[in-house]
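Handing you this structure, nothing more for now.
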Amino acid sequence: MKKKKMIISQETMDVDFVRKVEALSGTSVRRCFQCGKCSAGCPMATFMEHPPNRVVRLLQLGQWRRIIEGRSIWFCASCETCSTRCPNKVHLASIMDALRKLSWDADGPSKESYVQLANKLFLQNIRTYGRQYELRLATVFNVKSGQFLKDMMLGPKLLSKGKLKMFHSKNKNLSEIEKIFSRIEEMRKKGEAL
Amino acid sequence: MSRIGVFICHCGENISRTVDVERVAREVGQLPGVAFSTDYKYMCSDPGQNLLKKAIQEQKLSHVVVAACSPRMHERTFRKAVEAAGLNPFLCEMANIREHCSWVHEDKEEATVKAVEIVGMMVERVKKNRVLPTITVPVTKRALVIGGGIAGIQAALDIADCGHEVILVEREPSIGGHMAQLSETFPTLDCSQCIMTPKMVDVANHPKIKLYTWSEIERVEGYIGNFQVTIKRKARSVDEDKCTGCGVCMEKCPVRKIPNKFDCNLGMRPAIYVPFPQAVPNTPVIDRENCIKFKTGKCGLCQKVCGPGAVDYEQEDILIVEAVGAIVVATGFDLYTIDEKPKGSLIKGYGEFGHGKIPDVVDGMTFERLASASGPTGGKILRPSDGKEPKQIVFIQCIGSRAREKGISYCSKVCCMYTAKHTMLYHHKVHDGQAYVFFMDARTPGKSYDEFWRRSIEEEEAVYIRGMVSRLYQKGDKIVVMGSDIAVGVQVEIEADMVVLATAIQPQKGADTLAQKLGISYDKYNFYSEAHAKLRPVECATAGIYLAGACQGPKDIPDTVSQASAAAAKVMTLFSKDKLEREPIVARVKEAGCVGCFYCKKVCPYGAVEEKEIRDRQGNLIKVVAYVNPGVCGGCGTCQATCPSKSVELDGYTDEQIVAMIESL
Amino acid sequence: MNSKLNYAYYPGCSLHASAGEYDLSTRELFKELSIGLTEVPDWFCCGATPAHNVDELLSLSLCAKNLELAEQVEGDLAVACAACFSRLKFTQHTLEENATKRKQVEKAIDAPVKLDGKVKHLLEILARDLGLERLAAAVKKPLSGLKVACYYGCLLTRPPDVPNLDCVEAPTIMEDVLKAVGAETVAWTHRMECCGANFTLSRPGVVIQLTNAILDSAKAAGADCVMVGCPLCHGNLDIRQKEIEGVYSTSYNLPVFYITQLVGLACGLTADKLGLGALIVNPMPLLKEKQLL
Amino acid sequence: MTQPIDTSIYAAVTEAIRSEAKRILSEGQVSAIVGYAVARRKGSAQPIVISDAADVSKLIFTPACVNNLSVYLTKAKKEIPKNGKIGIVVKGCDLKALVGLMGESQLKREDLFLIGVPCAGVLGSVLQPDTELTSDTIASKCRECGERLPQGCDFVPSVTLPATPEQEQIYAAEIARLEALTPAERWAYWKEQFSKCIKCYACRQVCPFCFCEQCLCDRNKPQMVETTPRPAGNFAWHVIRAMHLAGRCAGCAECERVCPMDIPLNLLNRKMAKELKELYDYEAGFEVNDKGPLASYDDKDDQSFIK
Amino acid sequence: MHPEKQKHAFEPKIIAFVCTWCTYAGADLAGTSRMQYPSNVRVLKFPCTGRIDPVFILKAFQQGADGVLVSGCHPGDCHYIAGNFHARRRFAAFRKLLEFVGVDLNRLQFSWVSAAEGGKWVEVVTDLTEKVRAMGLMTEFKELALEEQWSGTIDTPELKEAYDQI
């Protein structure tokens, strides 16, 4: 896909999508002049098929599908190095957030599933318990991702050191968190938020 | 016996790295006639020059050889220093052991041996150097400016404002040049004509400026301070003095469909025309090739309708001679075309872009005319083929420029900026259109330039695609643009309605011929060469001739205006003196030996040789000999090489000096 | 400044779980330094990276809710975890600047956004609010001879203008604190490189690669140990250290301390009170060797 | 095979010269006439200047009248009166030298009365002056002469030139022979020839174009050419002389005739003339006041030899 | 690093007569550009090729040059309008003369090298040096200089005796 010839026209450049990205990230993709500094410092660039600069470049051309269909955005560690060093104040980390969000909404055609799964579970945990419970998160992740034994050697040691709690209590104000989740869902349904 | 002082420069390490300077000083010190020999880190520095002066005085030196860089670099410096120490400057010579030795050889032994020989050669030469007196020549305080574009106009106004007469010669019927053709100018987007036409009017009204449009330089003779320039005033067929510029002739002219060069052939004009409404002078010219009167002898309508009776079919080209002291060359540029070029020419066209045969592939200047409110479309962007508004427009930068295989390796400097400007103008005029730019680099060094370029992308929504276009071809009424985006690493294809090429800036046609008339040098592209790329950027190597604008190399308007003012300042510096000192490298006739064959006169390119009668006391003619006018002599020495008896001698390059050098080897 | 310092305390999820020793040592140290610390009642998870990764509005709303909750307690908000710190600060910053988002968040939490309260990382409290002088004065057992590699990671400083903790590319706050308590800090190259915390769960292979580079750099610089201010970094550097040594067939044996543990040690707190026993890479031999225990 | 050459017109020519000389001298058109007269040895001739109409009977024209008299109008003009027009007897070959000298501002046409001589040829050598003119004894230059009837003179005896037999062109043949040799062989040839030179400068003395008052080769500041008759200096002298004559020498061959060491000097001059003809289509001696091939140029001159 | 320079058994002596405006400047440019070329050439600067007298070439050969280079401005570029045009004719004729008297023209090179052609200068000088190096020493003039007037052989005892007495 990524080698496929790009036919550029006003029809093939999805400016609306780019505007959404810009609205969500609060940053302009047009500002980027492709210096490549983001890719130069990105700890994850070697894992990506589109290094960060190219992600922005594709956005500039409205070619978001090429991004979403790859897994680059899911390999972003959110370390913010790119945003920190960008000479044009393109907040690339936020652009990555926005892309993931939009990909998430589109129920991602992405090949990447582990990170999405982990994120999904993380958010579910918050919605259910108000706080994060690492043992539960890890166990469910392993079950759902089919990697039952992943990091199993770490488990007993961590338990013995008191680092994983087998039991946890719920927040007293849990209903409030549920309200936040549902209000956001509501707003999105109404189109009041992206 | 001469007491020669030899000074070997280390030039920091530039010389001493490959030449054993101490050894050179030692060995040269042994040569007969050398009284003093030393080496120093930087001879051209203040302490270096002081060392030289001190040695001349303390050692009572009679001649000096400075072994350092090229004499083209510092001969003047050291001769001045020698003069300050009380010696005639022409008793000092330079031995070039840097450019011709240390920089071009790696082997220290070899380079050292060579350096010793070079210095030895100059030692032998300098022994034969004679005291040469300074020659002064008068300065004619009038300037010639060639070219009436913004460069020529600026230079002419500056010089004239300083109170000196200026002759401004323009080849076209009107001054204004390319700047008059532009729509808006970067980075401020102010209207080009709005800032240009007042200057044109200033030129026309300036009491000190004599304007010759529709005129060309025929011949240039003389030298700094004293040029005689023959100007051909082409027959305009309209009397400039009588014409009021009413324009009735143009309205009545039955020939109406002649493509107007000023509008890049998009608009039409009659056979009697001014190229554009704001032309200066506002006097029409008859295009004799297309005029019915000149083709068939019939018509004559313009003459009949001309109230003041200014139309004159009998006018002929005339030659006029003007005496000037300085010349500013401001002949500007021409745009490269992608057309097929003659076989074997240095510059090649773009077959892959259709050799200029796709009608909606135009150059930047054509786009300027389309965008110009006074242009053929009244400022609407309409494509030439069918007059439709292009909705997808592609701009391609670096056409011709930076393409060695196409014959041009230089960057044309202004295209990045004007393309950015074009995308903005397009965006302002075609709101639902999209501009794309294929580029390799965006080169925007200049005040507010990069910001301007970024604005075209960030605010005016031009899509810049880094990567060169491989091919253009017509497909229906679209032009398929085959490019690539090297940031993404994929091929890109755009079906464009119109393509604008940022074609390279080239010197004006005939720039080489003019250079030959002026005796100035030019590079392989025909850009005129400045005397020194950094330190003398507006002067030619030929004294008294200065450069302004794009004739010297691609330039934008602010750079052009700066250089024009700089050239004007140089002219004014020259005019600040009544007399001019010139290098006394001139030929002298030894009358005793001269038999008056006048071969010298036959070969002299300057016409400096005159015939002189020698008479005895009674007034009887003894013989006729040659005489070289030192003011006119250019100092080439062709006369001496030609003279059978060597009775004419070029000071500074005498046979004695040269033979001494040959014999030293 | 003689008045008693008092803070609202937002420990974050990790400090109630895998980073219990951070929580413990923080509370003990603050007690020792007579700084008041009151945990925000019923705080929520800040959403951390996963939330903003896929749903920024949710992330902002969770943090805004937490900021609202923190208003119940007197004093600036003290945050121990770099990720929580970053998110809370980022939320403040974004909502300050972006009116649209602010409105959306206010709707989501059904309350006006409170941006006045100051959010402070423990480092700031030690280095600036308490001050290095007072901190030095509290030292009972200077950490002389202990060479520490201070690891900032990503979120303490980045992006510019957001946490505003210290210089974004060349911070010194950790080193300043450590020097005040008598330790020696090493200059090293990877103190701000990412450890890949976001992928702890999903892509441990990535984490191992990135963390190894960090440990390698610390070791090469001659550090005896590493100090962190973030439980996520700690998780990677400490908990995974053995695994990394296995993968790369090397030995680092670099104990990874929390800032509060090292400062607490200098202030004379015992190993129990600092939860040193909870560290996976056993710090005892090192501390004994340096005669700090 | 020896072929006789018809010189029967020379008697008539002599008569015509005498009567024209008488007329112009007595009418005062000229103040003197340079011509040929009988010399002491039988059959020989020598230059003479007469200024008295009574002396016209001294004038002759025979196959022994080899000299190029134009040299008497330049540096050997001591005998010539300073005022008035001078008459001069010129063969076609000599006239070319006169044309050259006029072009070089040494003579003015209006100062001269040219008595042209229709010429069937002169002797190659006057060591045996009383020799029949045949295809063997005729001068080499006359074998390739194209100007037997001088053009543009004030007076030319009206006689009909006899047909001359086709003769071997010695210079052209010799040049072709030398050109076919290797550089080393040519070097050897000329080294041999030039080594004979005794620097008597007879060649210079007799040459109408060597009119310089100070010869380059006599100069000592700087010394351009070694003056002693050693091979190196000889070589330089002849090469420089050939170069100085290039484009000027029209081939009177006097240098070669007077050379006591029999150096084929005209060969060098003919070679240069041939090259200049090929390069620039130029032949000396036909037009007054032209700049000559080496004092003019054309933008499109051959430069195939220049990198 | 540069490869070890080859040492040659014979280093020819090359004398270059160049004009100051084009070729001298071109050679300067070669230096400024740090181009490398054989060190055999010695440059004599003239204002113009028009000043270069054929005698100088002869003199250079007599003085021991193994090769001579004459170089100036391209046609039309002469700083003195036409000096190089005159030189072009002069040397076209002179080389024919030298050739005729037996000088191998491979030893005499003419070129146009402009101020912008540092590379061409290097090429011309290098080519000529290598060509002349391959040809070996220019013996002709050197031998000539050593010879006395008598060019025949001293092949009888009488002559030998007479010669010795000189």
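Read from first to last, the chains carry the letters A, B, C, D and E; within each, the first residue is number 1.
By definition in this document, a contact is a pair of C-beta atoms (placed from the backbone, for glycine too) under 8 Å apart; a residue touches a chain by one contact, two chains touch by 3 or more.
This structure is a prediction, so every number in the text was calculated from the model and none was measured.
Enquirer: What chains, if any, are shared contacts of chain C and chain D?
Expert: none
Enquirer: Which chains contact both chain C and chain E?
Expert: Both chain C and chain E are touched by no common chain, going by the contact rule given at the top.
Enquirer: B-E or B-D: which has the larger count of contacting C-beta pairs?
Expert: Comparing B-E with B-D, the pair joined by more C-beta contacts is B-E.
Enquirer: State the chain with the largest centre-to-centre distance from chain A, centres being mean CA positions.
Expert: Chain D.
Enquirer: Could you work out which chain's C-alpha centre is the most distant one from the centre of chain B?
Expert: Here the answer is chain C, farthest from chain B.
Enquirer: Centroid of chain D to centroid of chain E, CA atoms only: how many Å?
Expert: 35
Enquirer: Using CA atom averages as chain centres, what separation in Å is found between chain A and chain E?
Expert: 77
Enquirer: How big is the gap, in whole Å, between where the Cα atoms of chain A centre and where those of chain B centre?
Expert: The answer is 60 Å.
Enquirer: How many angstrom between the C-alpha centroids of chain C and chain B?
Expert: 67
Enquirer: Among the residues of chain C, which are close enough to touch at least two other chains?
Expert: Chain C, residues with two or more chain partners: not present.
Enquirer: Listing for chain D: what residues touch at least two other chains?
Expert: In chain D, residues 216, 224, 294-296 touch at least two other chains, as defined above.
Enquirer: Could you list the positions in chain E whose residues touch two or more of the other chains?
Expert: Residues 54, 59, 76, 82, 86, 90.
Enquirer: Which of the chains are touching one another, listed as pairs?
Expert: Here the touching chain pairs work out to A-B, A-C, B-D, B-E, D-E.
Enquirer: Would you mind writing out the residues of chain B in touch with chain E in their complex?
Expert: 70-73, 96, 98-101, 103-107, 110-111, 113-114, 117-118, 121, 512, 515-516, 519, 521-524, 529, 541-542, 585, 603, 605-606, 634-638, 640-642, 650, 652-653, 655, 658-659, 661-663, 665
Enquirer: Once bound in the complex, which stretches of chain E touch chain D?
Expert: Per the touch definition, chain E meets chain D at residues 54-55, 58-59, 62, 75-76, 82, 85-86, 88-105, 109-112, 124, 140-141, 144-145, 147-151.
Enquirer: Where on chain D does chain E make contact in their complex?
Expert: Against chain E, chain D makes touches at 178-179, 183-192, 195-196, 198, 216, 224-225, 229-232, 235-236, 239-240, 242-243, 246-247, 268, 271-272, 275-276, 279-280, 293-299, 301-303, 305-307.
Enquirer: Which bits of chain C are touching chain A when the two form their complex?
Expert: For chain C paired with chain A, touching residues are 13-14, 16-20, 42-45, 47-58, 61-62, 65, 94, 97-98, 100-101, 104, 107-110, 154-155, 158-160, 168-169, 193-194, 196-199, 201-204, 206, 210, 239-240, 243, 277-280.
Enquirer: Quick check on the complex: what are the chain B residues that touch chain A?
Expert: The touching residues are 391-392, 434, 436, 442, 454, 457-458, 461, 463, 465-466, 485, 487-495.
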